[in-house]
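Starting off with a structure, shown below.
Read from first to last, the chains carry the letters A, B and C; within each, the first residue is number 1.
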Amino acid sequence: MSDRTPDRVALLALPALVYMVIVFAIPVMVLIGRSFFGPSGLSVTPYIDFLSDGFNWRVIFNTLRTAALTTLVCLVIGYPTALALSWSKGFVQAIMLVAIILPLSVGVIVKAFAWQIVLRRDGIVASLLMATGVWDEPKLLLFTETGLVLGAANIFLPFMILPIYSVLKLIDPSLQHAAATLGAPPVYRFFRLSLPLAASGIISGCSIVFSLATSMYVIPSLLIGDRYQTLPTLTARAFLLMRNERLGSTTATILLFLTIAIVMLTAWLVRRREVQT
Amino acid sequence: MQNSVLEVAGAEKAFGSTTVLSGVDLAVENGEFISLLGPSGCGKTTLLRIVAGLLSADRGTVKLSGADITGLPTHMRGVGVVFQNYALFPHLTVAQNVAFGLKAQQISAGDIRATVAKYLDLVQLTSMADRPIRGLSGGQQQRVAVARALAVSPKLLLLDEPFSALDRKLRELMQIELKRILREVGITTVLVTHDQEEALVMSDRIAVMNKGAIEQFAAPGLIYQKPASRFVLDFVGHSTRIAGTTAKTTDGLLAIETAFGTLHAQSGYIPGSPVTVAIRPERISMSMAQETPPSVNVLSARLTDIIFQGSKYHLLFENQGDSHLLVEAGRIPEGMAVGANVHLHWSLEDTLVFPGAQE
Amino acid sequence: MTATERIWTFVTCLVATLVVVFLATPLVVTILTSFGSSSLFTLPPPSWSVRWYQRLTSVRGLGSTLLVSVEIAALSTFSSIVIGGLASIALVRGRFPGRTAIGTFLTSPLMLPGLVIGIALLQAFRFAGLRDVWTSLLLAHMIVTLPYAVRTIYSSLLLFDFTLVEAARTLGCSPMQAYIRVLIPALAPAFITSGIFAFLASMDNYAVSIFFTDAWTKTLPIMMLNLAEEQPDPTIAAISSLLIGLVLIFLIICDRAIGLRRIVDQH
């Protein structure tokens, strides 16, 4: 390989790099930049205007609250699933992998539409709760926050399971045995061994699901409707219905910074763990 | 049996239709170092896991210091284990690894610190206390694993092939080092290994296992010099074997007819049974054909090959072109070269006889 | 195992089983609904029929929409694999500063909200005077598909033993021949899987497309979104079921190419 100079190999990255800079980076920069430019030059007026409206605080709160609830549900049911997946072998493992990969590869609209059917007054969830006697009369789950979180958790669950699984499957099972021979009881082993070892997977799973849930648009539009606005639905409305591009640019930029903050927080958490160990 | 720290009685275990342990009994005295030696698949690791509670036996009991612990979960047994891959916790430092078991008990922070310091000092890792596990050498990892297992003061220490991840030089060094540490602590220890040298070097007694059963449980010298079965003979050390048939016994001397002539042994066999005569290669003496050797067992053979092995030589002999006889010697007697006719001779005590022809 | 451990193991397996059912629910519901005779989404349906599939032919614009979606997905995937593959080689083999940063940059659209990217592109294309819907969609979708190509091909290249290329050179291949005859076949599974996942991401994309479609040129997700808002009936379930079938076929191809477990590692 001595005849290849480093510079010539680097050139291969140019087409992708140039494309991404022109069609992706510059437009995003311009979007951010323009949101700070009022009619009279540089200003934060759009943000002050936006944040001085109580309704908009409600929108930000809705966005974060739904995302947090979705992440929590995904974590609580995703961790045991990832654990069971790491124990499983052969046929059972194949079934579980298909059950995770197939929905992951199917489009969000398909799944969100299915949840519209599931959450109806005569849908599966209502029928199930009626049959088990939890509910006395059929209620509508569609257009409620519970329905939204249930649907979103269902759609984003694979993004929680897979990162945790990818960490769990690398953990040497003899570590559990070693801890037991040192006299550590099961609960102690869970908190002092299993959780810390899986932490990087849990952090990245939570981060991915939280980001996705923060920026989801189709799922709330189909499962909760216009009544409940989040940053993405408001952004889309501002552009597509209200034709208010200044508002849309502002909310889009807030959403963008929120997402970047999550990514950076995650990177910081992961790096801090690496420094510790 | 009052002094036994570990008593295993009638342990049986099968995985599906494969029997891994078929009724093993084992008693280990207080302060003793014993080895479970055998090829892979002989059940030695299964036995270790049953003792540690990582696996439950189908039948049989395990007693520790007289108390029945058969049904007790691992964390309540007080049996320390050094795992084959050491199983060190990657998210903790050296000191935190050693402290792990202590923290699980209700022990004050000061006592934990003192105990950790004591065991790190014992394994000479005090300077590495705050290092992460990643980046430690194999030998250092092993010492952390030993310190961690000893820190919780177990009644019994199990070592599962602890040297297999180390290279040859380091292995020999660590065997001596570990023996020093364990003697200092005075803990009863069971070593599981497939490496006979390791077992011979370290153990007070060795249990040689084969196909789920213990074939012989004795001191290393006895295992080597008086193997109880063909398996033990084959598994521990080299041997030169000659097929033969027993003839009559005169004056307590058993005559055995072989292709090399008549050989003699001590024990009594019915005349006419097929046997294998075995001799440890270093117990065979050589002399040139014209001299008359003093021993009772003599045969003559032609030297076909000399293999230099550093500290010793292996010499191969043959007779009538079929049998290869191995002799081990520290030096080559003067005038002996490939092609020479040589008298091989050995004493009566070194003549081992096993039933059945050589396979 | 202690009693506590046994209970926890049981609970874990129970949760996992329920989660598998939970994950399968939307897909099963979609398929069942699409074969029902009722237009009211009653489950289980009163009787079975294929009327919603027959109705697909009469949905106005479905054919042309599907064509647009497939064209955009195929073209953007292909271009992404070409330029993403070249960039991956540069990132793995090159010795220039900032390689990690460039890698992160090329995959960063995966981490950012699609809507924000869509809006940024909408404004940029408008500024550049680009009015053509089809071209806008293609340019925008390459931002969606490129990260998939770079991610998968890059990680496969990291595992590739480049001494094989050197071996080919010693056997008389020119540098170019060596790459084509050794590297390309070795990376074929990576091309297939990254291609499939990039294609699916483009076919499913709504967050970027939503800003570029008009009444005449739409992509399939946008059309489905319109249908779901305007006249929700099992026609959408029928379209969805066909898409699920497509995904299933693609996954079988991926499984043959690299195996289920490595598909998991790609995510």
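Simple rule for what comes next: a residue touches a chain if its C-beta (ideal position, glycine included) is under 8 Å from a C-beta of that chain, and two chains touch if they have at least 3 such contacts.
Nothing here was measured: the structure is a model prediction, and the numbers come from that model.
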item	value
Two chains joined by the most C-beta pairs in contact, as defined above	A-C
Furthest chain, CA centroid comparison against chain C	B
Chain B-chain C separation of Cα centroids, rounded to whole Å	58
Chain centre separation (chain A, chain C; CA means) in Å	17
Chain A and chain B: spacing of chain centres that average the CA atoms, whole Å	56
Contacts with 2+ other chains: residues of chain A	186
Shared-contact residues (touching 2 or more other chains) in chain C	2, 5
Multi-partner residues of chain B (each touching 2 or more other chains)	73
Chain B residues within the chain A interface of the complex	52-54, 73-81, 83-85, 87-92, 100-101, 103-105, 132, 134, 148-149, 152, 154
Interface residues, chain A side, partner chain C - complex	1, 3-4, 6-7, 9-13, 15-17, 19-20, 23-28, 30-31, 34, 77-78, 80-81, 83-85, 94-111, 113-118, 120, 122-124, 127, 154-155, 157-159, 161-162, 165-166, 186-187, 211, 214-215, 217-218, 221-222, 232, 235-236, 239-240, 245, 248-249, 252-253, 255-256, 259-260, 263
Complex interface listing, chain A residues touching chain B	172, 174-175, 177-186, 188, 192-193, 196-197, 199, 276-277
Chain A contact footprint on chain C (complex, rising order)	2, 4-5, 8, 11-13, 15-16, 18-20, 22-27, 29-30, 33, 41-43, 83-84, 86-87, 89-91, 93-96, 102, 105-106, 109, 111-117, 119-124, 127, 139-140, 142-143, 146, 150, 162, 165-166, 175, 197, 200, 203-204, 206-207, 210-211, 221, 224-225, 228-229, 232, 236-237, 240, 243-244, 247-248, 250-251, 260-261, 263-265, 267
